[in-house]
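One structure is given below, represented as structure tokens, and several questions about it will come after.
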């Protein structure tokens, strides 16, 4: 399956914080660099997301802002 | 200024493709790893975004999905 | 590949309107029911999106609002 | 009221999972086809969202990605 | 029609910048306070968006970030 | 720090509703005009968001829709 989302960053799940509806998933994408995702609890369960699992963080380009010092 | 957005990834602008309203900006965040952003042309001009400029890609956690093989 | 996005609706591309950065893609997901997507021109080209192609419209649950009469 | 959001898909609420802040609402938009929405609990209460209620799922075109096999 | 989107801010259109696919619309919501929206050109035409028109800017709560000095 | 997000509206926090993962924050941006944000609980804690605190609501232009009567 190919996706139109331009950003697919591989990493490993570090932690999962579970709520009733949403979960926060922290993914380490490089040593010391983490990406944080909030997805539904159902998706966490469907994909078997738990610490140690290899995933990719996927972001649509229009959701990415830029900052400059 | 502190922001609630959980993802702030530093990198260097590689290319800017300009449209009338939006621009596509490619940012290298690690050797061989690129993040693509679509922002308004006005923001590109306001921030002086051009190849070589150091920026941070900013993404709200609720905009980050996960995929698993 | 499994994705956390909860909405994946199959359909067939009806039209593609191209801009310099973004394209508008109309997908028929049921007789008379269309879903409209705006993605980058690069993605349209990478995925070979053109009228007649079978795709799935993918939407993160947190991007879906509800209305009621 | 007319809205700029290009996607407005009618359906019937199938289930509501309540959290403290957000709720997950499943809407059947065609036989066997469901759309999942995450909205605030306050909105669920304000709109009287519960199983059986007729709603429309609303999505901005820029939030719709495409996938292709 | 009632919508789940929690933010509906009334204002008057100040300017419309047209692209092939998207348009940038600037809305004055209070004296000196502007909100900027990027929507499809088709929506601009469908809603008759042009300077002087009264509209409301609509934003899903999950799209709103916070910053603090 | 300069950000590409086009909308930065100053206001004062009115209330914070806490969930396990997300919090709903209501910000008064003008007398009688409120903006509602849903951000992670971690961000609420990192930024010290509580009633009375001055913040800015930040929204990417592509997340802003328009409605018209």
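Just so it is clear, A, B, C, D, E and F label the chains in written order, and each chain counts residues from 1 on its own.
The working rule: a contact is a pair of C-beta atoms (placed from the backbone, for glycine too) under 8 Å apart; a residue touches a chain by one contact, two chains touch by 3 or more.
Since this is a predicted model, take the numbers as computed values, not measurements.
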item: Co-neighbours of chain F and chain D - touch as defined; value: A, E
item: Touch-network distance, chain A to chain F, counted in steps; value: 1
item: Equivalent interface to D-F, taken from C-D, A-C or A-F so that over half of the residue contact pairs match; value: A-F
item: Intercentroid distance (Cα basis), chain F paired with chain B, Å; value: 22
item: Chain centre separation (chain C, chain E; CA means) in Å; value: 23
item: Distance from chain B to chain A - Cα centre to Cα centre, in angstrom; value: 17
item: Multi-chain contact sites of chain F, meaning residues that touch two or more partners; value: 1-6, 19-20, 22, 24, 36-40, 42-43, 47, 49, 58, 60-63, 65-69
item: Graph class of chain-chain contacts, one of line, ring, star, complete, other; value: other
item: Chain E-touching residues of chain B, taken from the complex the two chains share; value: 1-5, 19-22, 40, 42, 60, 62
item: Chain D-touching residues of chain E, taken from the complex the two chains share; value: 1-6, 37-40, 42-44, 46-47, 49, 58, 60-62
item: Residue ranges of chain F touching chain D (in the complex, touch as defined); value: 17-20, 22-24, 36, 38, 62-63, 65-69
item: Partner chain D, residues of chain C touching it in the complex; value: 3, 5-9, 24-25, 27, 30, 33, 35-39, 43, 47-49, 53-69
